[in-house]
Each structure stands twice: as structure tokens, then as C-alpha cells.
């Protein structure tokens, strides 16, 4: 079946999913931390909107709740905390341009294609629509991971981690009508605690190596030449 | 084994003991002649032994009980070994008691105590002699055993009496293996009995001594026993060579006539052997110690050749 | 009930465990070790002997199942003639060691090494060896085997002050572990083919030639590693001397025999088929071990190291016998195969006896003079006459001289070898006698070596002050040595009696004994037939004695006093102890002839000409050839692997991402 | 059911309660008390399960497999608590940790126990995920407890790597849930392990296999499978020793337990396809790789705790391999190995803790002659390592024997690799152990107040298991084996 036949709701969702993917690209590329945080917040908003749409489509009220939860957590709370941290760490002027942007973008695109290629055989034909969303969310997850690999800045890594979470959430919501509420609460709780701990660690790291450059944390190794 | 065998055995043993000095004297005499000397009479060894026995025996302060016991053990072991080799008759109880491997063992026992005695007093020469003796014998022993194996595998027995019996019956056909074995055994005998070119029994230069160096400290009856044992060993090897490879004339029963005949035969063989030995000792010069291995390796090589030519050429014919 | 062999075996194990338990109290009461633990140890040995003899006499097989082990594989024990024989071997030496220990251990009291560990692990060590011999399923066998290795390791490392000792112990445990795992693999194959880990199931396994050979090789490697066959031997002379001497006696005298037992049990008992190729392999390796062992022993001047190398030699001789047995059995000459087998068994117990005796003697010297280095000994015979006498007996026995026991087993081995003419293939016909020649060479070299040992250690004059001060050792130590010395003589004089006992083993294992060996009465030992060969050991001994007595009476008129005088030494100056021939000097000719086989470093030390000293170091070639390459390989691998832990978290994340993508690629 | 709730939620209560306790000495004892309560509760639960196979409700599902691990977890938790009281006391007195740190420690210890028990007892894969992630969160602060740069670095790596891993695991869970949507009548049950297991054959194979990849990488990170293992040695070496003990003894087990549970589902769904043993092969590959790499790592260690954490990786690899191989014998062996490894390894970490206090450092080169300084510690370490190296009569040998013989039957050639790995590992352990235990004593070393009771208990148990497996336990393991493989061993 082709795109036209999809109900408007789902077309809208597809659009949103595409934008989510775009935001993770933005995250990947963004050199300034603050801007990256904003991008992350927007990603949260979009995910929340997708959730809301799914809720509207399926009429499952607990989805509305989880949409609200997502909005609160991913779009407001966590970005706000990050913002505060960045300001208190005097990192709001910090910019960290990518070493080889072209290469990174290529890699990210490759990941997108890869995830699409992976998902294609997965899902039975009649679930064409979900398939695409799965592909997108997988792409978002992988891109987040890629971001953690290429970014040497602790906060940026955390952003990558969080965008992975977004991708997960997107997948959970869009193709399974959301997980049981208990689980979602648990996940949300974990993410929140994780964020708090990240905050704690930023300061600890800073005071131990007075920088947030993860490349400078290489004391623990088995390399012979260090011994 | 009936009584008569044991009597023969005893007779032979006594004969060995009695005849040992004679062979030594005969060889001395011949060598003197070959060197254009008149030389002492062939009875001289007996006189020497008598003199030594009647002399007072002295021992170093540092010598221990081993030093005192060694002469007796050496003599006993050598004599026993000799007694197990058919001299006159193959009806020999002792041959069954100690086969050729046991003979080698007994000789090794004698050598063991000889070397210990050499080290006992704690002189440099004694240790040197012991070291060299064990060195030479270590190389000689495998050669000897392999040579003997050739015989025993041919005769399917390690019992010398039966080996000789076998050879008596089968002496007609010519065996390549025996040639090699004989050659090897001769070399071994020369080395083991401390003759030129490995050792020089009449040397007076300590640094070249092997056997003499070990018994330097002995005197009186101890020295006599040691000398006697050495002469016994010489005779032992002589008889071994003669009777095993040229068994003609040896008695296979205990008839007095046969015994007399075999006595005559063995005396003749030994006289010839003595001549050969004397000549070789006159024409050859003593080797450096470290040429001895080459000499003994040649012996081992010959023995092995004998063995191989036996298992490859002769078995299954 | 009390006459049942298994009952006695159980008693032995119980007593051993008890001794190790009791020794825990020796932390506060050192006396406990001497007056309680050692006697218990000796008793354990005795009851093991009783069990073994009973099993050998009434030739039936006793089995039992212990309430231990895996739920579906309880521990099974089985006491047949073979096990009985080895029980007797283990027990005899343990008994002697138990007698010896009280005197020897006194030297350790007040030292800073823990006595409970010594006594406790000794008991467990004995338990392990007994259980290995009794085990009738692979699991119990492995447990007991590793228990044996582990406890003996603790005993080896007991003196752990010197880095060298620690290194030796580590190496020992490592090699033991390698061997054990190879044995485990072996049992794994047998179990896979025989459907079960009990030996009874393995006996029924139908093995193709290929699998049989695989199991044979695994067993040969594993047990040969433990027994110290060349070229796997290099750990042995490092480890055995390090332990306290009575433990060294156990390790060299008994534990190696347990390895031999394992080999016999697996190859003769479980695989149950013979191929001449195996025989050749065992024969060749055995001959090489015998020769290399004795040559390296000649080069040593540390008494205990020297004895350890002689263990390599004797194990080689035992394996020559086993190789001949396999060879003849595989070509259908059952009788001669049995002769060779009996010869191997006989040499097993002989070596246990005289090697135990010699190590106990070395211990006595260590106890009295605190000295292991031959170069510092001398004149000990006058200072400790009893030890001197027993040590002399040990030397004569191990040099295979009549009328002692070593000669009997070598004689039997020769007899088996000399039947090579019966073989069909000319190659084998010529290989076997050459092996015999190497055996002869080995014997002669061993004699040379022990002339050196006895002459340098016990004769001549003392070369150092502590040796000059040496005192006779306490009674218990003399007893321990005396028992073994007496047995050495006994087994040398009455071979027929013991061989008629041993017959039970081949009867149980190969189905036919060696009746003809003793058919001509107790005087005559006729392994194949009276015509082929005979050895009247008792006669030889008696006549030797008679001639000795006669000689003494005739010439010595009893022991007549002789005048003592200064050493003549060809009239040179009065010799001092430093003018004596040293051990290395004694071995020098042989070192020169066989120089290729050793790794020799010699030269002069010291700059000023007046204080220059001669330095000689002879080391084992097996290190460079077989051990170090493996070690280097592992080192290189580790150096590569540690790159994984680079320390940079982004690289780690990269690994995760890469793994994920790879796996998705594979699965989808 | 009360027993169940008690056993799971006692630690939670403790976690909330302990920070309020001001007196440290009380806190230590209270910690032990709570652990004891938990253990007794789990034992009661075990009895309960023993007579009626399964105890289950909406959230929990207890069968022979996880009740056995529950008891093990509670037990190791108790002994570790016993050990940590004097140990942390010593740490606190030496001033490396503040009062707040101590309170944090006690509370987080209980929190960790809670997550472990929850992860084991729950039936809901989502809750399982939450619990395992929670375990990370609970321990990450403890890893950085000492506030040294190394500690913080280790904690960060631990946090990030495990976080990422666990996130991937969540994706896998979502995929499973997704697969279940079209099969289950009530989609809400889509995360219940029971429901999934019962409908496993109808799950779409392609999705489940993809899901398993994510789950394996995710939980495998927690198990410490190479090449996702890098966090493990860092976290073990920098955290306080009781933490290392429970990490090695429990956390890895729980993660592996999760993997095994999920493998059961995936096997069910792949049974009909062309690659029925895909999951098994993946596990075997990872297991073998981890095993070999870890054995090689052992040779290049300078830090005693790092060394033993690599040994944990090695043994985890062995278990993973065995579980992957499947079959009753291998599974039985793996379960037994789980048990003995937890006991032995935690015992080792206890002794290592004392050893580091004796020497005042974790550097292998500076720990010397323990057996003379403090024989109890020296012998404990020696025997512990002998046990972990697989020497009889200790239980580790038994389980390795089973695994090896199972390998010999199904994959003969891999046995050679395993055996050589065992040798290399043994050499690596002992070459470092030797100088630490034996030899002359440096002046600086002083005996410390040590509580060797846990070590004695653990090693005693391991020894017992090596000599004979009690019928109760063997039946228990056999039922667990039957759950996993569907076949009895006994």
C-alpha cells in the first residue's frame, strides 16, 4: 500500500518521526552545547507529540499520560537540568566542532540505511507503517550511540545517551501502543535518577581532571607502554 | 644339576685362580723377548703375590672400611664372574647360576668397589684413576653387552654354556655377525683389562695411569688381592674370547679324557692369544685418554654391526 | 572382615587422613608431629602394604562404592592385583618415611615454616596417592590425582624463602596441571566412546585404531608429564629437591610410580589393545629418558638434584620395559611381553625402594651437616657409619649391580630385549637391541655417577667445616633407611619369591602369568626357559659371601689390625682435603664426550690471577627447546590482547556499536 | 507469597531506613540483620517452591531456576554484609570515606540487593530491565565512593557503558513486546515472561532473533562478555571490596540469568526455522571469546582486584559457553558453576580486601609474604585461588569437569581450546599469586583485624560441593535444568 492510502494521522506521525530523526542529526552535528540541548528538548517534544497522536489514534488513555510524562521529562525537566548544569559548569560558551563532519554524516546516513535494511524483512507486509517507524527509531538509537562515540565531551555524551532513550521510547510507543504503565514509570524513574547522577558526576569529574573531556580519562588501562 | 657338575665348577674355579698369574707372566715374558730383553721367568707373578702376601699391610689414616673391604670384594666378584665362564667343560652349574649378563654385572661390581677404593684415601691420583676407570668402562660396557647379545641372540640363550654348545654344533657355518662381535669384544677386552693402547699396566707415570692410579695406596695382602684380581680378569676375558668364538676342543661332558683334551686346547688357545696381545702391545703406543672414546666407539660400532648383520642377514635364513 | 583387602585399604586412607588432621594441633605442640603424626603415617603405610599383599595373594577383585561424588556417578573404588601391587609400593615407602620422619622433623621445630602444613599436606598427599590407585571411575581418579598434585605442590613450596624454590613449585604445579588436563581429555574420549565415566564402561568401549591411538597418546603425554619423561622432564629436577627430604623420597619414590600406574591402568587396562607403533614410541622415549636422565645426573653436584635426575633415568628404564611389553604383546608374543611387563613392575618397586632410601640418606646428610652440595662433603662414612652403609646399599642397587635388586629388574629387561629375534619385522628386530644397548650404557653411566656420589660424599676427607662436624642421625632416621636397605637386598636375593607374587598382576591384566619363571624352584629365576636364561640370585649372593669370608679368613686371619700411616700419594706433599678430586672433576671426561647434549657455560671468575675461580654451569637443553617457546607465545598473545583495554571510553563504546552492528548483520 | 514479598522488599526497606541511622556501628549490624532476614525469607520461599513447583502472580514468577539464584544471592549478600562491617569500619577509620559515605554505602548496599532480588524474582521483562538498570544506578555511586580520580573515571565508564548496554537491552525488550502484540490475546501481557514463553513458537522468528541480538549485547555488557567487558575490571578494582564481591558474585549472575531466560524464549520461537540454535551459537561464541581473552588478560595484571575481575570474566565466559551449548549436562554444569563461582569469587574478594589492607595497596608488586604476615589471609587466598583455578576437591573442578565432558560429547574440538584456556588462566593466576602469598615479609606489612568467617563458610561449602553434591541440591539443579532444556539429567 502506498503513502496516500495511509490515514492522515499516520501520515502526520511519519512526518514527525522524520523530524525526530532530523533532530538527532542536528544533535550529532551541533557544536555548541546549549544549542545541542535545545535540539534535544525539541526531540523530546516531538516524541511526546507522536505519543499523543498514537493515544489519539488508539484511544488508550494511559498513552495520554505517558505522552504527558514524556513531555515533562524529556522536553522540560532534563533539558532544564542540563541547562543549569552547563551554566554552573561555565560551559555555555563551550563549542566543540566535529573533527571530520562529512565523515560523521556519512556514517550516520549509513546507519539510517542499515537500520532500514535491517527492519525491512522483519515486519509482515500489512504492518508497513509500523515498520518505517521501527526503522526510524532504530536509526535514532544508533545515531545516539554514534554520537556518544564521536563526542569527547561528557555532557555531549549524556545528550547522546538521552537521545538513545528517545529513540527507544519512540519505538515503544509507536509500534506497540506503549508499554505497561508500571514499566514506563520505572523507565522514567531510572532515566531521571540517571540524569541526577550524571549531574553529580559532571562535578566529580571536573574536580578530578578539571575538564569534561572524556579522552583525558585514561588512567585505567592494561596497556603495557603505560606500565 | 648333579654333584659332578658342582665338582667340575669348583675345579674350574680353582683352576682359574691358579692359572691367572701364569697368563700374566707369559705375556710379560713375551713382551720382554720382543723388546730384546730376557725378562723375568713366567713364574714371576706367583713370587710377587707370595711376597706381597707375606709383607706387612699399611693403610693411610684417612682410609675407611671401604678401603679395607674393597680388595676382598673385588677379588671375590671377579673370581665368581670367572668361575661362570666354561673353561674346560660346558657342564657347568655356575654357568646356569650366572649368565653372561650376570657376569658383566659381577665385573661391574668389582669395578665399582675398585673405584670407590681409589677415592677413599682422598688423593688426587686415586680420584683421577676412579674417574677415568668409570669413564672407560661406561663406554666399554654397552659395546661388550651388544657384542654378547649377538652371540646370545644367535644361540637363543644368555647362558654361556649353552652358547658354546650351540656354537660347537653350528660352528661349521660362517657367520658375519661373529666376525664383528669378535672384533668388538677384543677391543672391549683390551680396554677393560687395562692393556695398551687404553691403559698401560707397567707405567710409572702417575698422570697416565688408570688402573694403577686407583691402587696406588695399597700395600701387602690388599695389593696382592688387587693384582691377582686383575690377572683373573685378564684370564677371564681371554677364556671368554677363546672358548666362545673358538669352542673347539672344549668338553661337553665330564669324562676325564675329554677334560684333559679341553685343558690342552684352552692352554694352546691362551698361549696364542698371549702372543697376539704381546705383539700388539709392543707395536702400539698408549693413546691419550680422550682418544679412548674413539677407540671404544669403534668397539661399539663393530658390536652393533654384528648385531644388525645378525638380525638382518641371519635370522629367518 | 579384617582380612578383606579393601578393609585394609580403607584403614590406610583413614589413618592418613587422621594423621593430617592430628597435625593441625602441632602448631602449639610441635611434639605432636613427631610422636603422633609420623607413627600414624607409618601405620597408614603398613595397612596399605597389607591391603596390597592380600590383593596380590588372593587374586580376586574387590569393589566398593563411596557415598561421595556426583549424584549419578558415585565414587567407585576397585582393588585388583595391579592396584594391590601399587598400594604395596606406596605403602612400603610411606612406612619407611613414617619411621624416618620423627628424627628428621626435629630439625624443623622452631623454624618459621608452619609444621601443621607439613604434616597435614603429607597426610593428604598419601591419601591422594592411595585414592588414585584405588579409583575405578574417571571422576574419582581425577579428583585424587589433582589432590595428589596440589598437596605435593604445597609440600614443595613449604620452604618458600628462596625465589628459586617458589619458581620451581609454580612450574611443578603448572606442569602437573597440564598433564592432568591431558589425562582428563583422555578420559573424556574414552567416556564418549564408552558411554560412561566408570572404568568398567570404558573397558567395554569399542575403539577404532585412530581413537585408540589418540587416547594412547593423550595418556602417554599426561602421565609421561607427571612421570618426568624426556623432554617433558625439566620441571622434575627443579621441584623434587626443593621439598623436605622425606617428601622428596615420597615424590620421587612413589608419586612417579603412581604416574606409571596411571599409564598401565589406561593403556593396559582400559584401552585393552596394543599396537607395535605404540611400543616403538614408548621404547624410544623411554631409552632417551634413561640416557639423558643419567647424563644430566652426572653433571649435577647438588645431591638431591642429582637423585631427581636419576628418577628421570629410572622412569625411562621402566618405560623401556613397558614399551617392550607393548611391542611383544602387539606382535603376539604373550610370554615375552609378560616378561617385559614383569620387568617393568619389578623395576618400579626397586626404584621406589632405592630412590626412597637414597633421598632419605640425602636427608640424613642435610640433617647432620646442613649441606646438599657434594663439593662441600667428604668423609661422611666415618662420621655417620650407619647412613654410610645404607647409602652404599642404595648406590649399589641403583647402579644395577648384583646381588642387589636393581640388577634383577635390568636383567629381566635385557632378557626380554634379547628375545627380539622372535619378532618378524627386521626393523623392530634391530631397534630393540639398540634400546638394550642404550640401557647398558645407562647402567654403566649410573654406576659411574654413584661412584662419584659415594666417593665424594662419604669417602675421602671432609671439604667443609659443618660436614667435619657432622654427627650420626637419630635412631628413627636410621630405622627408616634400614628398612628400605634390607628390602633392597631381599628383593635382590629372592626374586623368584617376589615374581611369583607379581604374577597376579599380568594374570589379572593380560590373562596369563609367568609360571615358568619360578618353575625350577626358588633358587633359579628362569623368565623364558631354563635353556634360554637362568639367574641363581641366592647362590650368587651366598657364594660371594663365602668367598669373602674365606678370603678374610685366609688372608686377613679375621680382621687383623693393619698399621696406619700417612697417605703415600707417590711421595708428594701430605694431601689436604682441597687436593681431592671434586664431583665436577670426576664427571669431566664424560662431560667432554657428551658435551653436545648439555648447555655448558664454563670459564674463569675474578680479575686478579690469584683469586680466579673456575666456574661451571651445566643447564638443561629442554628449557630452550620445549618450554620457553610456549611461554613466549603466550606472552606475545597477551601483549596483543591488552590493546582491548585501551582506557578510552569512546573506543569502548565503539566496540559496543561495532559488535551490535556485526551481530545484526550476521543474524538478519 | 508473604515470604516472597518479605524477601524482595526487606532490602528496599533497608535502603530507605539505613541512611537515617546515625551510629555507624549500629548501621553495620543492622545491615547484617536485614541481610539475615532476607536470607531466611528466601529460604522459606525455597521451601514453599520445593513443594508446589511455582509461585507466581501478576508481577512475580518463582520457579526452581530463580529461587535457587535468589537463595544464592541472599546468602552471598549476608556473608558480604558480615565481612563488610569490620572492613568498611577499617576504611572509615583510615579516613578514606566520610560518615555520609558510610551511610550512602549501607543504603546503596541494600538497594543493590533489592534490585538483584527483584530482577531475579520478577516475571515482567520490563521490570527485569528496570531492576538491572537500577542495579547500575545503585552501585555506580559506590564505585566512586573513594573519590579518587581513578574511582571517578571507573564509575563514569561503568555508568556510561552499562547505561548504553542496558538501553540496547530495552530496545530488544520493546521488539519482543512488539512481536508478542500480534500473538497474545491480551497485549498487556506482552512483557510477561510466562506468556511469552508459552507462545514462543508463534513469535515471529526474524523479530525475536533481532531482539535477542539487542538483548544479548545489552545484558551481555552486564555479564561482562568481551568485547563489552571493559567497564568490569575498572569498576571492580576501584570500588570498595565488598562491592567487588557482590558485583562478581551476584550482578554478573543476574545478568546471565536474564540472558538465559530470554534465550529460552528465542529458542522457542526459532525452533522451527533454519537456524534453531542461533541464540545458542551466539552465546557459545561470546562465551568462548570472553573466556580466552580473559585468560590472556590475567597474565598482565598489576592490580590484584583487576586480576580477579578478569578471572570473573573468564568464568562468566565459561558459563555463557555452557548455557549456549545447551543440553542437560552442560546446563547442569553451568548452573553448578554459577553457584560455586559466586561462592569462591566472593570469598576471594573478601580475602583480597584483607590482603590489600595488610599491604596498604592493591598493587601486586607490593603485596608479599601474606602467609607469614597473617596466615589466615594467606591460606585463604591460596586455597581460594586453587579452588577458582579448578583444582579438586573444590566444587569448581566438578562443574568444569561436567562442562568439559559435555563439550567433549557435543563439540570435541572445542575441548582443546577450553583446556588450553584453563591452563593459561591457571598460569596467569598463580604466577601473580605466588610472590604475594609466599616469600619473605616486607617490614611495612602488619596484620589487620580480619573476619575470615565468610571465607571459611564459602570455601567449606565449595569443598563440600566438590566432594559430594547433596541430593537436595542436585534435585533442585536438575529441575532447573529441566526448566531450561526440557530434559532431565538425573
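List of remarks:
Just so it is clear, A, B, C and D label the chains in written order, and each chain counts residues from 1 on its own.
By definition in this document, a residue touches a chain if its C-beta (ideal position, glycine included) is under 8 Å from a C-beta of that chain, and two chains touch if they have at least 3 such contacts.
Note that this is a predicted model, so its numbers are computed, not measured.
Touching subunit A and subunit D at once are the following chains: C. Each chain gets a centre from the mean of its Cα atoms; the one farthest from the centre of subunit C is A. When the C-beta pairs in contact are tallied for A-C and for B-C, the bigger tally goes to B-C. Centroid to centroid, with C-alpha atoms defining each point, subunit A and subunit C lie 70 Å apart. Computed centre separation for the pair subunit B/subunit C is 35 angstrom, with centres defined by C-alpha atoms. Subunit B and subunit D, compared by their mean Cα positions, are separated by 78 Å.
Here the spacing of subunit A and subunit B, counted between their Cα centres, is 101 Å. Among the residues of subunit C, those touching two or more other chains are numbered 639, 642, 644-645, 649, 653, 656, 660, 664, 668. The set of subunit A residues that touch two or more partner chains comprises 118, 121-122, 145, 148, 214, 217, 219-220, 222, 224.
The set of subunit B residues touching two or more other chains is empty.
Pairs of chains in mutual contact: A-C, A-D, B-C, C-D. Note for the complex: subunit A touches subunit D at residues 118, 121-124, 130, 134, 138, 141, 145, 148, 154, 157, 161, 164-165, 167-168, 171-172, 175-177, 179-180, 182-183, 186-187, 189-190, 193-194, 197-198, 200-201, 204-205, 208-209, 214, 217, 219-220, 222, 224, 227. Contact residues on subunit B toward subunit C in their complex (touch as defined above): 53, 56-62, 64-66, 68, 72-73, 75-77, 79-80, 96-99, 101-102, 105-106, 108-109, 111-112, 115-116, 118-128, 130-132, 134-135, 137-142, 144-146, 149, 152-153, 156-159, 162, 206, 216-217, 220-221, 224-225, 289-290, 293, 300, 303-304, 307-308, 311-312, 315.
In the complex of the two chains, the subunit A residues touching subunit C come out as 114, 118, 121-122, 142, 145-146, 148-152, 214-215, 217-224. On subunit D, the positions that touch subunit A within their shared complex are 59, 124, 126-127, 129-130, 133-134, 137, 140-141, 144, 147-150, 152-157, 159-160, 163-164, 167-168, 170-171, 174-175, 177-178, 181-182, 187-188, 190-191, 204, 206-207, 210, 233-234, 237-238, 297, 300-302, 306.
The touching residues of subunit C, counted against subunit A in their complex, run 639, 642-650, 653-654, 656-657, 660-661, 664, 668.
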